[in-house]
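These are the structures, in structure tokens.
You will see two complexes here that share subunit A, one where it goes with subunit B and one where it goes with subunit C.
Then we have the complex of A and B:
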């Protein structure tokens, strides 16, 4: 009999759902998203940001429903669900697609950060050696198991708290008039922003993979919502900050507006705060990549139980290094970025609700067969009784 | 396997070397100059007496044992046992017991020389150093006692602080040859059973021939003995040990070692001085935060210097640039070489100071600090700024109350300096990430090593980087999973403080 429950020594308290979800959502995209989001909707950019953030709450409700129902049947995670819903073959095929999607997210993250480093700090940073050393650290963390990964999420949350205080430097130079006129854009423009924005909020679907590792999942639910609200607040404040600090024309010329904002901050002991900010962002990247790699290697283990996770981990990391080294063209990265964000949008808005629907159908079907069996038994009993008489 | 076979044979030979009969044993011991073995034939009873002069308390033997052999009514070993005014006298025929008791300082009395039946009279010589003020963990406030090498004295020092029968001491022997006495001390009903069992299990599983000190033991029973971070605190202060026992920890003492081991420990406890509990909580919190800053400064100052001067010159504000340039312009080396040379110099000074006798050590400090430091700047080998940074960081590293942790902190800055030379601040961040993930994975007796931070436990945070007043800490640390979680009754404490005043002058 396969064991459906994760040993309690590997589980984490419900509170950590907040840190993980917030950590998975806020990534390297924070730097550039002010530009992307305001291209179509300009000063009203905060509207799509808000709407998407609120819509993630609905998706979270669906996911929690799905996982909670699944608890009765086996391991409540996506890979086990696929197997139960669609049988081993088709289910594993779906799992493979999901694994590939998660892996692409890891690659995009890694590439985006390397790009940032090469543009801003070290123009000739050797990609191979950097990714190799980075992956060594990731390997070290993932070998420590889920608890260690959660620890890195918590620490990155703590590290980032002072970084968000830095935003207050903008208040003295803010032009709040930039936010006016309100609601000046058509729904189509807002929708375009909405779609472009999606990579920022993606990441919370990782709950589908780590849900079995939460102690007392009932209590964890509220922390999941709080996690989403935290990143919602982060994104809304950053959007507003970008709008009030820069003019719309300037914002479109800046590739990473947040870095340009940090550049204007001066401390008595050091200048050029954005250098520290970029390097600091490594603490955000590490938990993110570790989690992604953990999901991928765990997916391989769940789909093909012959392979142990620790053995699956090494080729995954090697492949990550290889792809990061090979992918040099900006156009390739862009293509991967748009494709993955579209797939991500489909997954959260179409596939996850569909899974809940499918689960409901299966339950109905099961109930019917169960009833049929019961009635059949009943008939047989009656017949037997008759016979005896 | 053939090598196993050989090993087994060796083991067998080992056993065959042990004496098989009483005569065998005595024959072997006879040649030792401090071994007395003679026939007592005066009086009504004749017997053979043997003991080590160097191990027994000779005075007590002459006063409490030998005179009773002349008694007219003594005719057998049992008669002696009844009359001798010494406790725990036993009769045995077991050769192993006889041998070990003899080596510990007991007298053996036999009726005939070859008879295996012996009377063992314990007359152990207890000689130890006086209890003196602590030398390594000095403190301004609080008790001024420290442990000594004798285990029994150490236990008595602790028992005086914990006058309850629940204070349990378990004794076991470790070391195939040395048979060192090792004691596990804990308060029954407070310490978690699980922790006690783990400690006992780890001690029993040890395979070694001899054991000298608790610090050696702490490496042997550590969760990860390849980590630069110490996992258990060893302290020479009985008051600190007792405080840990009251919290629900387990202490381990080794005979012949003036230190006690406290298990389990979190990293934060290495930065807590025991003085902190004797001063007002504002000041204690202030000093603790100061130490935290000192650690960060000590680890990051010289790597940041290397990183900024090598790669990130943009970070330096214009006002600071002038003075940096003037101090750096004459130095011919790269920042990393400069930093490494100075760091090494400080390490040499530290090592020389630790090895030399105290009086010479002070001179070394003056020579090192003033002569080498200023001279190297004047000679143009290092810059003034770096000299200040390194001097401060050396000072900062030694604000850590635990010397063991202080050396770890001094050690880990070398990888940081190398990483800073490699990729500047990015290298420092990578190195930092590595050490943090190492600490995240670390456990001490199976408990998380950086506990109040991860797993985040707010109740334990009250006595970590900060120290809140005693009244706001009614619970024992959650880390230890104590059997009795409460230190005192919170409600009653609140009642006794009384209501807040309703108004001024009322």
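Then we have the complex of A and C:
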């Protein structure tokens, strides 16, 4: 049974669940989602944002249930679950799909950030050298183990607090009547926004991979919910900001509305805030990419135990560099982003509840066989007793 | 270990590939001016600050000015909507950069022609901040930008400060950010301040209004600007000069002004818009004819009537010419469920605008009149 538990020296305190989940959810999409989400639902855009945020709480409950039940059978993470539920072959196939999905998310993050840097700060930024240096940092962090990754999440949480205070600059120029009339859109329009919104909240499903690394998982549950609520508040305030600071027509012309808002802020010492903000956003990217790469390399190790995680890590990072260099156009990133977010939507809303259902079925089946065994035992006992007599 | 160290060092070398913009080695365009000369051609002028250092007396070598020899303005002819900084590079002593652009000036002819391309370019270009000022110039922008004034600070900052301080008072807030807000916003039209050169001064003379991207009218003077400002924003400083009889004035300095709109029948052919404007203020400059009790009766009521009359006249003028700088369309939209936006431009001139002003004169100065 010993391989089912992670050594306590590699585990982290329950409170870190908040930083990891919030960190995984708030990524580069914060800059751009307002336009996409308000295309259909205009001033009511905050409603789908709120609804999706609340729905993640439900999914989180399902995930926690799933993982808690799984503790009795083995390692409580998705890769081990796949093997137990579907057998080694199909299970590993599913794991491969999940690994590919996580890897695509890493690529999108990396590529979207590079695009941001190239567009706003350094138009001539060479992709190869940036990703190479960046991957070196990621390699260093992932080699440090899970606790190091968690540490970077904590740092990024602290670093980001002042950045969100900047949002209060919008209040003086806000047109709050832009939010009126409330609830003026049909459910169909809201649903369309809801689907387009999906890349924002994705990321909290990483709990399925790092759950065994949490000390006292019972206590960690509430921090998981708090993490979701933190990112919910971030997204709702950013949506409201986009609605009250920009007019709807203007918002539709802006690809990164939040950066355009930062563009109108200046301080006595630095004239333009968005340069600081974008470069500062690197502190969000580092833990995010590290976590993604950690999940991918751990998935490879879990599915094929011959390969050690540190050996799996290097080709993963090299592939990341390669793909980032090859992908050049915005349309490619956009395509990958939409595809992956649709897949992500299916994973969290269909696949995870399905897993819980499957686990319940397995348990029932097992219970039945157990009972049969018991009754069989009973019969044998009776026969023995009879025989003795 | 050594091998990996070498690799790391080599990776560090890669980071030197990005171009840098050292502030001493570039020319920062701080003001752009556009004069329309017909046939889609403009004369574009940029100015860059000239950091002329006075010679340091007592030091050897006469203390030669460090950057006094840098160019300070350049002019070119190009098609409208073209980036001036790029077009002027051949004239640039050093690389011209627009990252710190503070003001953009346009002459009346260009605004009458329409400057959609320039605005589109400004919205598309990430290099320029959004808190810069746009302004119309009475006369030639080139003259205004290249003339010498009483002040020695660069013209760009002179104009910037001028507009900034006036927008704290009687003139409504307006910069690139708010301009784009109403330019791209549905049911709204943008505006910008008008400046003018008077010998060695620059004067803020009024506000001009757009219909989409074209000149559609103007108001002159800070009185009118105050009236307009009460309709578009809540503000704290400003003054209103009330003439209660021939040659007799009372000036209201406002401490706060707030506006409130209520809309009824927003989707009907003649929507009703009710505006309530509340102004609280001091009188610090009144006619010697007035007694303290007069302020709370005749003057107060007179001011209210006068403001209401002027506001109604102004709004009726806007409705007649079909422009909406007050963003009444936005207000009606926000008060109306399932707002019928398509027919709004037809309904806007027929909208009934009702206004009520409530003035509260708090204090009347430190001397007791008679």
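Heads up, the rule we're going with is that the second predicted complex is superposed on the first by the 387 of 389 C-alpha atoms of A that agree within 3 Å, B and C clash if a C-alpha of one lies under 4 Å from a C-alpha of the other, contacts with A are read in each partner's own complex, and residues count from 1 in each chain.
In this text, a residue touches a chain if its C-beta (ideal position, glycine included) is under 8 Å from a C-beta of that chain, and two chains touch if they have at least 3 such contacts.
Quick caveat, the model's predicted, so the values are computed rather than measured.
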| item | value |
| --- | --- |
| Which of subunit B and subunit C A:326 touches, first, second, both or neither | neither |
| Which of subunit B and subunit C A:266 touches, first, second, both or neither | both |
| Partner chain(s) touched by A:286 [first = subunit B, second = subunit C, both, neither] | first |
| Partner chain in contact with A:250 - subunit B first, subunit C second, else both or neither | second |
| Contacts of A:122 with subunit B and subunit C, given as first, second, both or neither | both |
| First, second, both or neither for A:13, with subunit B first and subunit C second | first |
| Touching partner for A:276 - first (subunit B), second (subunit C), both, neither | first |
| Touched partner set for A:134, first subunit B, second subunit C, both or neither | first |
| Partner chain(s) touched by A:148 [first = subunit B, second = subunit C, both, neither] | first |
| Shared subunit A contacts, counted only where both subunit B and subunit C touch the same residue | 122, 125, 133, 266, 271-272 |
| Parts of subunit B lying in touch with subunit A, wherever the complex brings them together | 311-312, 314-318, 320, 423-426, 428-430, 433-434, 436-438, 440-441, 453-456 |
| In the complex with subunit C, residue positions of subunit A that touch it | 43, 119-120, 122, 124-126, 128-129, 132-133, 136, 173, 175, 177-181, 184, 246-250, 252-254, 259-260, 263-266, 271-272 |
| Residues of subunit C that touch subunit A when the two form their complex | 8, 11-12, 14-15, 17-19, 99-100, 123, 126, 129-131, 173, 175-178, 180-186, 188, 330-331, 334-339 |
| Contact set on subunit A toward subunit B in their complex | 12-13, 15, 117, 121-122, 125, 130, 133-134, 137, 140-141, 144, 148, 150-152, 154-155, 158, 266-272, 275-276, 279-280, 282-283, 286 |
